[in-house]
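What follows is chain A paired twice: with chain B in the first complex and chain C in the second.
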Partner chain A sequence: MDIRSHVSMVFHLDKCIGCHTCSVACKNIWTDRKGTEYMWWNNVETKPGTGYPTQWEDQDKYKGGWEREEDGKIHLRLHGRKKGLSNIFFNPALPTIDDYYEPWTYDYENLFNAPEGDDQPTARAVSMITGKPMDTIEAGPNWDDDLGGSPLYARNDVNLDDLTDDEREQLNELERVVFFYLPRICNHCLNPGCVAACPAGAIYKRGEDGIVLISQEKCRAWRMCISGCPYKKTYYNWASGKSEKCILCYPRLESGQPPACFHSCVGRIRYLGVLLYDADQIEKCASVPDLELVAAQRNMIQDPFDPEVIKCAKANGISDAMIASAQNSPVYKFVKKWQIALPLHAEFRTLPMLYYVPPMLPVLAKTDKDGKYDVAGLDNEGLPAMISSLAKARMPIKYMARMFSAGNVKEVEDVYRKLIAVRIFKRAQKVKDYQQAEVDAALAQGATNPEEVEAIFRLTSLPTYEERFVVPPLGREVAVEAWEKPLERKTEAGFGVRNKIAKRKF
Partner chain B sequence: MFDNALFIGFPYAAVAIAIIVAVYRFWFDPYSVSSQSSQFLENRKLFFGSVPWHYGVIIILLGHITALMFPGVWGLFTANQTRLYVLEITGLALALMTTVGILILIYRRIADARTQTVTSPYDWILLFFLFLQVAFGFWAAYYYRWGSDWYLHTAVPWLVSLLKFQPDITYVTALPFWVRFHFLNGFVIILLLPFTRLMHVLVFPISYLWREHQVVIWHKARH
Partner chain C sequence: MIEHGKPSSHPRFFSFLLALGIALIFVATLFSVAFAKPSAQVDGEALFIAKGCNACHTIGGGKLVGPDLQGVTELRTNEWLTKWLTAPDQMLQTDPDAKALLVEYNNVPMPNLGLKPEEVAALIAYLGGGATISGATAELPAGDATSGKAYFVGDKRFENGGPHCISCHSVAGIGSLGGGNLGPDLTTSGFVQSDAAFASFMGAPSTQTMGAIWANTPLTPQEQSDLYTFLSRAAVTKREPSALLQIALLAIAGAAALIALAQVYWGKRLRGVRKPMIEQTLAARKRINAK
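Let's turn to the complex of A and B:
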């Protein structure tokens, strides 16, 4: 066993209110420079919807991630080694700025400087790339926000491909539209497509915490990482000629703070913690058939209380403090212990280390043409059908399976059964409108027990800051000080710094 | 004297400056080394310009270098008339491809507003000299036929003499103006190389053919 530690994440989608505070926090810190205006290292999408960049999940178009061959081996969908070099003069799968949006600002000065006339002066939209006026703005950040039922956006969501017409109608009916929010950052994958696709070898994973970074000094703008990442979470800075991506706010992590998007999250949906995993299993895990992917990935995560695992971890140089952090990790609980958090699009085979607790609507059942809940003929084994119907769910279970379990419906159903059990158990406790028999049936269906339900409830609804963010002791600054002068790079380093800046005198 | 400066002094100076600046830039300002791709801003015209340009110019350059390195073999190859014809026609076709490619690239930089914003004066200087180089190369190949053969007896011995530090310019001084211009302009491009985005030629990521797919960097050496 090659045990390694990984700073991992859980997003609890039931709690996301789609406020974009995370996106704005990230933007203000990292992507307000020239060439990065269009970048949202953290973005929040409406699902069903086409997302950002448009239809990023459509790998027939963008060729991201890995593909499994019949013999069980995997290869990059984008290119092999030779094709990677021969496509270097023109990357056929590269999204262009129009797949995101052309960033713009407004000519506010005109409001003050316009000559006197009969009309009010206007502030025209001006492109932040060319500086020229833009007559029609065709896309922008969160352009399809809350447009769950729209024919232009939501209906082009590739995750809807497997649904029947009836199921699609259910999603899109006027006034009964249903959608949820999907916040996305870099998944800091275990088998990252961007790293494998980079011809220059400029992208790397940090051994100690698993953060995936692009070396700005080695990046040569061959731009293959953008196509290689199936989540489209590496971005090309068109001004500097370098690719950039989410750095999981490692400067914050190293000083004991959670990343800015985690810290600022209003719905408190984000959890950060350490996972211990077996690096020997990475390739095997990424190569199993689609339906086994989620289970295989979960299997790779090791029990931080297992003495054998602890022994191997120590042998690999993982500190006691890090192991303690892994034992206290909220991510471990959601992903492995309770098994209610799933990776996004496991079928891309990059083994993402960001997991999602899938969302539940307040009422799960779908409605019929008269607006009444259509639960006739459902056998829910004694549960109230309105909040436990998966077969006739408004958000078709197949849609969720396509997003969160590589199409494995059972995997998603198991998660929902447990979440439903939590809901029924707590409602019986607080509102007291369910019978004990119903509660017992729910617990049985969810394969859970009152203690686990209470723990899930506690970490979902009432977690403290310290429970949500178990920031591992990276201690990097201490290690750096051992062999570098701590003040040497003060005021001289950072993104976009090409030439030495004169040292400040004060 | 003037010829000495042009055909001895200038090549040595160009190569020396190129090496020094390239090494300096690579070691002390690696952040600046980038191909500065603009495909992200403009996709369609780039395809029709970049692909013929790069494939054309790379094959032609390899031809030049092969003949320089193995003049004997090359001479044997061109000794057969059929092979010479095939080589000449291929060369002309590639030259045409390259010229069309660079014209499209130049047009793209003029016509496309987004590409303009990422175009520096250095890019224009580079494009100008590259265009001159392929245009006159094309012209010389077309007008002074059998260049793949006479190259062996003019430029090759001159370059070899330069490489041996026993410069002999008698091989080239009597050649027509446009041919000499093509030779010297080649060194102008070498001189420009480290000052422009042409640096990307030197960092072509050939190691992608064998490097491990995944890269993990440890802060501390592992035991």
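Let's turn to the complex of A and C:
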């Protein structure tokens, strides 16, 4: 076993209110520079929807991630060595700025300086790339925000492809229109497509925490990472001529704080903690058939309490503090212990280390003619009428499976059964309107028990700051003291980047 | 072990050679010191030939590539000649007389030969001394243009192994792509004036590059004649418009072929996602509404 540590994440979609506070926090800290205006290292999408960049999930178009061959080997969908070389000066799978959006600001000064006229002065939209006024704004980073059921955006969601025509039609029925939010950042994958695609070797994964970074000194602007990443989470900075991506706020992590998007999250949907995983299994896990992907990835994550795992971790130089942090990790609980968090689009085979707890199926209820509260479709598999059945879910299970379990419906159903059991158990406890038999049935169906349900409930609804963010002691700045005296170094070499990064002049 | 006896004789032979060498160097130095001419008294005629002046100039033998130098000291002042011989390239940019000469002699510039002041003085003295000197080579045999072209483009080897003209020079009549660009284009260069001038120049080229290339691999008179015959037919004062058109058409056709190839190779490239998606959706809705 080659045990390594990884700072991993869980987003609890049930709690996301789609307020974009995370995106704004990130933008203000990292991407408010020239050339980065169109980048959203963190963005929140409405699902069903086409997302940002438009239809990023459609790898027939964008050629991101890995592809499994008949013999079980995987290769980059973008290109192999020969094709990579012949395409080195022209990458045929690059999205254009139009597929993201043309960033703009407004000419606010005109409100103050406009000459006297018949009408009120207006602040015209001005492109942040060309500097020219934009007459019509056609797209934005969350253009389809809250547009569930939109014939233009929601219906072009590629995750709907597996659905039958009837199921698709249902999603657009009046009063049945449904959507949920999907916040996305870089997944800091274990088998990253961006790293594999980079011809300059500029992208790397940090050893101690697995954060994927692009070296601004080594990047040569080939832009293969942009195509290689199936989540489209590397971006090309047109002003500096280098690619950039989410850095998981490592400067904040190193001083013990969670990343800015985590910290600012209003719904407190984000959890951060260390996972210990077996690096020997990476290639094998990324190569299993689609339906086994989620299980294989879960299997790769190791129990931080297992003495054998701890021994191997220590042999790899992982500190006691890091192991202790892994033992406290909320991510470990969601992903491995309770198995209710799933990776996004595991079929891209990059082994993403950001997991999502799928959102609860929205209830569609009405009162019948007797004034009795009725949940649509009472075929509830013997459970109380609080939540509609999985089979009749407003958001079809097949759609969820396409997003969170590479099409494996059973994986998603198992997650939902457990989440339903938590709801029923807690309601029976607080409101006391369910029979014990019903609660027991729910627990049995969810393959869970009261203790686990309590724990899930606590970490979902009432977690403290310290429980949500178990930031490991990365302490690079402390570690460096072992071989270099910071004060001496400061007087000798100063702060900052040692080699000046050459930038293009505009 | 077998050659055990030898080492003893080896050092003795070596030291003998060394002593002989030292003695030779000593004697040579003595001679050179004893018989060295004072530097001011450089032999003008020897210098005229050594520097390759006779490749382009005669004294009283008529003009070749450059003018006949008979009586030049009366035509120009001593000061002008000194400046000219020291740095003709600078003179060509500033002096009106030098500019006029350049035009008169088909825009073939006088190369800077890097002469020292005493060499310049010696040359001027020699030119004023009334000596005569003819071109570097005698008259040429009859030439064959086809053979000359073959020499130029490299279909036929030069007898002494010299490089083929096409590697540095271009000339009309060797195909649309022409030849190299390192040397002047011989179509319009003005070098190819008369067989005597050509033979004289090629016999001992005085420019740095040509001199270095041809010093050890000279052309035979027959090769010179063949080349001259070919070049004199090809050389014109101005390129014909049809030749320029040919090159332009070739460039356009080449570019079109490359673009077509790229279109085939990258035909399945990503041509935008958002706009096509919206257009297709709107078009589909229009079709449904039309029904």
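Observations, loosely collected:
Keep this in mind: the second predicted complex is superposed on the first by the 456 of 506 C-alpha atoms of A that agree within 3 Å, B and C clash if a C-alpha of one lies under 4 Å from a C-alpha of the other, contacts with A are read in each partner's own complex, and residues count from 1 in each chain.
Here, a residue touches a chain if its C-beta (ideal position, glycine included) is under 8 Å from a C-beta of that chain, and two chains touch if they have at least 3 such contacts.
Remember, predicted model here, so these are calculated numbers, not experimental data.
When both complexes are superposed on chain A, chain B and chain C occupy overlapping space and clash.
In the superposition on chain A, A:G317 makes contact with chain B only, while chain C stays out of contact range. Once the two complexes are laid over each other on the shared chain, residue contacts for A:Y204 go to chain B alone; chain C is not touched.
Applying the stated contact rule after C-alpha superposition, one finds that A:L94 touches each of chain B and chain C. When both complexes are overlaid on chain A, the residue A:K82 reaches chain B alone and has no touch with chain C. In the superposition on chain A, A:P307 makes contact with neither chain B nor chain C.
One of chain B and chain C touches more residues of chain A, and that partner is B.
Residue contacts after overlaying the shared chain place A:A239 against chain B, while chain C stays out of touching range. Applying the stated contact rule after C-alpha superposition, one finds that A:P53 touches chain C and leaves chain B untouched.
Touch criterion met: A:N191 reaches chain B, while chain C stays clear of it. Contact with chain B, but none with chain C, is seen for A:E217 once the two complexes are overlaid on the shared chain. Clashing C-alpha atoms with chain C appear in a single stretch of chain B, chosen from 55-63, 145-153 or 199-207: 145-153. Of the residues of chain A, those at positions 90, 94-96 touch chain B in one of the two structures and chain C in the other. Of all the residues in chain B, the ones that touch chain A in their complex are 29-43, 46-47, 50-51, 53-55, 113-114, 116-118, 200, 203-211, 213-220, 222-223. Against chain C, the residues of chain A that register as touching in their complex are 50, 53-55, 58, 61-63, 86, 90, 92-96, 98-99, 139, 151-152, 155-156. Contact residues of chain A toward chain B in the complex are 81-82, 84-85, 88-91, 94-97, 129-132, 191-192, 195-196, 199-201, 203-208, 216-223, 226, 236, 238-242, 282, 316-317, 476, 479, 497-499.
Across the complex, chain C meets chain A through its residues 262, 265-266, 268-270, 272-275, 277-278, 281-282, 285.
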